[in-house]
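Have a look at this one before I ask anything.
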Amino acid sequence: MIVRPPQHWFLRLFDWHGSVLVSIVFRLSLNLLMSVIALIGYPWFATLGIHLTTAPFSLIGVSIAIFLGFRNNASYARFIEARTLWGNLHIAQRSLLRQVKSVRGLRPEQVSDFIGLQLAFSWSLKHRLRHTDAQADLQRLLPAAWQPAVLGHPMPTSQIMLCMAEWLAQRRDEGLISDIVWQSMDENLNHFSACLGGCDRLAGTPIPFAYSLILHRTVYLFCTLLPFALVADLHLMTPLVSVFISYTFLSLESLAEELEDPFGTAPNHLPLDALCISLARNLQAMNNDFPLPAPHQPDAHFNLT
Amino acid sequence: MIVRPPQHWFLRLFDWHGSVLVSIVFRLSLNLLMSVIALIGYPWFATLGIHLTTAPFSLIGVSIAIFLGFRNNASYARFIEARTLWGNLHIAQRSLLRQVKSVRGLRPEQVSDFIGLQLAFSWSLKHRLRHTDAQADLQRLLPAAWQPAVLGHPMPTSQIMLCMAEWLAQRRDEGLISDIVWQSMDENLNHFSACLGGCDRLAGTPIPFAYSLILHRTVYLFCTLLPFALVADLHLMTPLVSVFISYTFLSLESLAEELEDPFGTAPNHLPLDALCISLARNLQAMNNDFPLPAPHQPDAHFNLT
Amino acid sequence: MIVRPPQHWFLRLFDWHGSVLVSIVFRLSLNLLMSVIALIGYPWFATLGIHLTTAPFSLIGVSIAIFLGFRNNASYARFIEARTLWGNLHIAQRSLLRQVKSVRGLRPEQVSDFIGLQLAFSWSLKHRLRHTDAQADLQRLLPAAWQPAVLGHPMPTSQIMLCMAEWLAQRRDEGLISDIVWQSMDENLNHFSACLGGCDRLAGTPIPFAYSLILHRTVYLFCTLLPFALVADLHLMTPLVSVFISYTFLSLESLAEELEDPFGTAPNHLPLDALCISLARNLQAMNNDFPLPAPHQPDAHFNLT
Amino acid sequence: MIVRPPQHWFLRLFDWHGSVLVSIVFRLSLNLLMSVIALIGYPWFATLGIHLTTAPFSLIGVSIAIFLGFRNNASYARFIEARTLWGNLHIAQRSLLRQVKSVRGLRPEQVSDFIGLQLAFSWSLKHRLRHTDAQADLQRLLPAAWQPAVLGHPMPTSQIMLCMAEWLAQRRDEGLISDIVWQSMDENLNHFSACLGGCDRLAGTPIPFAYSLILHRTVYLFCTLLPFALVADLHLMTPLVSVFISYTFLSLESLAEELEDPFGTAPNHLPLDALCISLARNLQAMNNDFPLPAPHQPDAHFNLT
Amino acid sequence: MIVRPPQHWFLRLFDWHGSVLVSIVFRLSLNLLMSVIALIGYPWFATLGIHLTTAPFSLIGVSIAIFLGFRNNASYARFIEARTLWGNLHIAQRSLLRQVKSVRGLRPEQVSDFIGLQLAFSWSLKHRLRHTDAQADLQRLLPAAWQPAVLGHPMPTSQIMLCMAEWLAQRRDEGLISDIVWQSMDENLNHFSACLGGCDRLAGTPIPFAYSLILHRTVYLFCTLLPFALVADLHLMTPLVSVFISYTFLSLESLAEELEDPFGTAPNHLPLDALCISLARNLQAMNNDFPLPAPHQPDAHFNLT
């Protein structure tokens, strides 16, 4: 039931995965140029001592494909882990709100305050991961009583977590929740902490740079030399086949690089804006707090941010 | 002990995996057509400057197979995760009912009500994931007392979870369950939340579109060019071998696309209807609530929905 | 320290992995036949327009090997998960018995009753997974007081779990275990539930049928065509090499199909009988309940069931 | 910071991985012999109808490499899981001792007794996994009061776990630990149970025998036929290349077989002796129980047992 | 949002991944030398009986690439696990501090003391993993009251964990935290234990030495023989292609060896210094303990330690 963009598939061929295509279109043109050079220069190859055959390029090409397969897998695993961490945040937030709402004797504004803290947590996490300014969103979402502790603090995200812990402690002080109930809720706060820590880890520790660089280099060198190896067999077909093979390797290498950093704003990154709004819709609906904010809409290129 | 469809294997060859075969039969015909064109046009290839040999196609074919292997793995992992989430829901529901049934002093209709809420949860989740209307099932399953809070609400699934939490809180108010026992039951409600959140995550976040598209394109282009590369060696055998190779790549690519979205109603999707009924049978049997609903039956093509 | 069968390795070559060899021996003979046909017909190939070379078969063979590698991995993961679930059942049963045995004031027959319930749970799970009749084992193992609730019930396994929960609740009623201690024990009952649910999931959801079928077909077609491609190069060596290559592909494909369904009684399936008896030995030894039942013995072919 | 053996790398080439090299050296010699036979017999090949080329051997070789890669992965995963289970035992033992040491009012000899039980647990597990006699170690480590319950019992490992549970129950009886504190400690005992159960599972369930055997056979047959395929191209170079390729396949296949059973005493198995002593050092140091036992030393071949 | 080094990409080509390039530059030169020898000696090859073709090298090259792919995966998994363990330490430390800060009636210096213990734990773990001297950092970080128990002790890391447990027990004695609250905090101490145990496991158990050595040897032998196989086809192009292929294999093999041991101080190892300081910044900020220590800065080569 995944909602695919409604526009015609054909029209999107040259538009959709913007960043990947944009980032490799220059390299593909270069590859085309090399093919033409190879074609034109072919008659002089023997004189120049240039003997390149497909056999060694099969060996290195398949080897690079194997390494690239594993590396793509590693990048994709980062993307999936990032999404799962945000999913776990959704789960913990819904569970915690469910627990809060079954407490007897709470005033409605106390519940609203708590929802405000939860929302501020996810928005501040989004800003932290994208290195953007959280101030406006925090002012909008944070209940007045909790603003002084958070606004202007260098690490608002963990500060908001402390506020939620304090909110729970106050209810415990008021005798509304027992130690046992507090324990169950505190366990869900641990999950907030796990999500924050996990996202920090992914954002702060890329795939070892040497790993990316070795494959980046070998893919580029492979694509550059390829036309010279193909030209003896393929003559005029060289540009077509060479660009085709290069497209496969370059686009997958480029996508791997993009997925490696899932918290950016490129088309294949996680739509953190949409996730934050979806979370707000869920929590407000659980509190019958209508109207819900409108779902985040994809842009003209059908990309969510 | 997996129950395979009883019909003769041979008869099902052209019937069973409907969607996959249907979705590639057009492409396979196109491939056949290209083979015939390659066969007929072969005498003029040299004149036209068309020189395609198998060597570069081996290189690109094996590379695509490697990438496709990893991508299929990723799609299959989504299918397995979706099934595991529903399995976890079964586990949590049975555990929670076991806990409820060992509470002293509950009236039978209270237990039935709770079972009703549990069943409504799974049916509403099914409708949510398939974007179908939950109204009829909810009216059938929900106990009367809980209908007002759920029917007509934009997010019935999490609303039912709140109802279950409220049911527990009421029993706690009545003194039937202590805080400790409540904690153990609430822990199982967290698992409901995890299942809901996990399914939402899978349904809402496809494999990055660029990943699918790059492989989709390269597989198609590969199959289109293949006959022209094979014809020099294979002559009249070209159509046979070309369609064989294309079938392998196209069908696996197509299956990967199908498994990627496990909550649909195609033959290789999860049989959510059957899972919901199986759950109902389990819970009712635990409550000696006979007769059980009949197990969901596969359709004429041996597919469960 | 894995106990390998003591018989001479050479003698077992044609005996041991019965099912796999039996299931492919017909296909291997067919492949041999095709090789002979290819050999005999070779002189007429040119006339008949049959031109098959190894190059495209290398491409498709390696591609199939890649897909088969991933698919075998998926089957093996199912086998491992099934074994781990049964291992987790052992762990939960030993943990729960440890907790029960450290309760003060229990009468010895109460402990024996509880062990009887635990054993009945694993045997009834075995029968459920193999679709065999649990009646005799249940009558043998279940304590008299608990038989009415289980015997004749359509789902004895979850019924026994309810009995264990009831046993715990009775001890809580008697004041022998506090809510906290009950909570720790109940947590282990959740693990029983998880094991039951996990096994149900594996038994009820095969690898998507299309996945198996696509590879099944391509492997068979590949092996059928292979001799015709090899004969030009290998002449009299064709049968040897063709059967060798076919053996590798067909036996691994066949094993994957066998491992996919780990709860059967074929040689490479899980030895559920042996696991149930091992569990009984463990629990009885913990209760100093000698003599222990004899360990399950492998059959004449060194296979455990 | 992994401590590699200090001896010169070159000297260890023929010594270090004893078991692997020893187990394949006979097969490598056989391969060398086949190469020589192929070399000598080559002039008569045509007459004998022997036509073997590298192309089909590339196909089968790469296919076997793929299957072997997955199978090695599975063996390695068993090794890692075994090590992780022992690591988890370390973790649980340290956590449990930390909890015990923060109990008020314990007598020092009670703590020493408990440490004795913990150490006896790991040593008895080691003996269980290696099928060696635990008697001497148990007499050395077990506190006198607990010896009657364990010595001579057919399953000392789970018996010791019962003793630890009894120790906790006695402290609970004495009023030194509350039910809540008992619960936290009992949770760590569950981890002991999980470690014992996990190791039993690995030791008792090898990789399905057919899986090992299929690859074992195909690797051996491949290496045997290889020289006959290489000799036409490589002439005098046949022995070198053939032994090189065979070394790669045979040694990895042999290592996979070794890693599959991580609890043995071969060089690539887990050093259970060293792990037990390391555990003793950790626990005694936490109790300021000096002098600590000396760390286990590698043997003359730099292997730990 | 991963911060890549700002210096120009081109300038860093010969500088950045220091260790990997340095460790293979000698081998690459050797490979270049072999290429030149092969080129010069080529005319005499036939006389010397040297016949090496690319076909068998394709077979062995692709096979090695497959094995290397899996082995790199295993090394990378160790790197990721090490990072995740440190991430989990961050999570547990933040969660525990959150719990401590919501306790009523604590004096500020008690909280500071506890933070000091937490920081000392991570620094002492870092020193333990790198085999460096922890004394100076422990004196700087440990509160005076806890220094006697830790300084001079042979295992300061687990000693600090005992101190934290003792701190919690003292607060329990003072009546500030109930058993339930203690339980929640103690659960987070278990996570400290898990992190310590996990890191010890990774540091103490390398990938089985035979696994590394087999691939190390085969990669080296493959690269050494390669030029002799390529020269017949490539003539003057031999050095270029041979060094290119060797670079791919040698650099990935070398990186795998580096990643295998994630706790060192080479460029692709974990930046434990930076992680410790980041942890300090987080904990101090949660306690409004300004100014925060400055973030750790990369060195002139943009490497963090």
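Labels A, B, C, D and E are assigned to the chains in the order they are written; within every chain, residues are numbered from 1.
Going forward, a residue touches a chain if its C-beta (ideal position, glycine included) is under 8 Å from a C-beta of that chain, and two chains touch if they have at least 3 such contacts.
Protein names from UniProt, one per chain: A, B, C, D, E = Ibestrophin.
Not measured: the values here are computed from a predicted model.
Steps from subunit D to subunit E, taking the shortest chain of touch contacts, total 1.
Between subunit A and subunit B the centroid-to-centroid distance comes to 24 Å (mean Cα coordinates, whole Å).
If you average the CA atoms of subunit C and of subunit E, the two centres end up 38 Å from each other.
Residues of subunit E found to touch two or more other chains are 55, 58, 62, 66, 69, 73, 180, 183.
Judged by the touch criterion defined above, the protein chains form a single closed ring in which each chain touches exactly two others. On the subunit B side of its complex with subunit A, the touching residues are 49-53, 55-56, 58-60, 62-64, 66-67, 69-70, 73-74, 129-131, 153-155, 158-159, 161-162, 165-166, 168-169, 173, 179-180, 182-183, 186-187, 189-190, 193-194, 196-198, 200-201, 203-211, 213-214, 218, 221-222, 225, 260-261, 263-264. Chain contact summary for the complex, subunit C toward subunit D: residues 1-2, 16-17, 20, 54-55, 57-58, 61-62, 65-66, 68-69, 72-73, 76, 79, 83-84, 87-88, 90-91, 94-95, 98-99, 101-102, 104, 178, 180-181, 183-184, 188, 230, 233-237, 240-241, 244-245, 247-249, 251-252, 255, 258-259, 267-268, 270, 278, 281-282, 285-286, 292.
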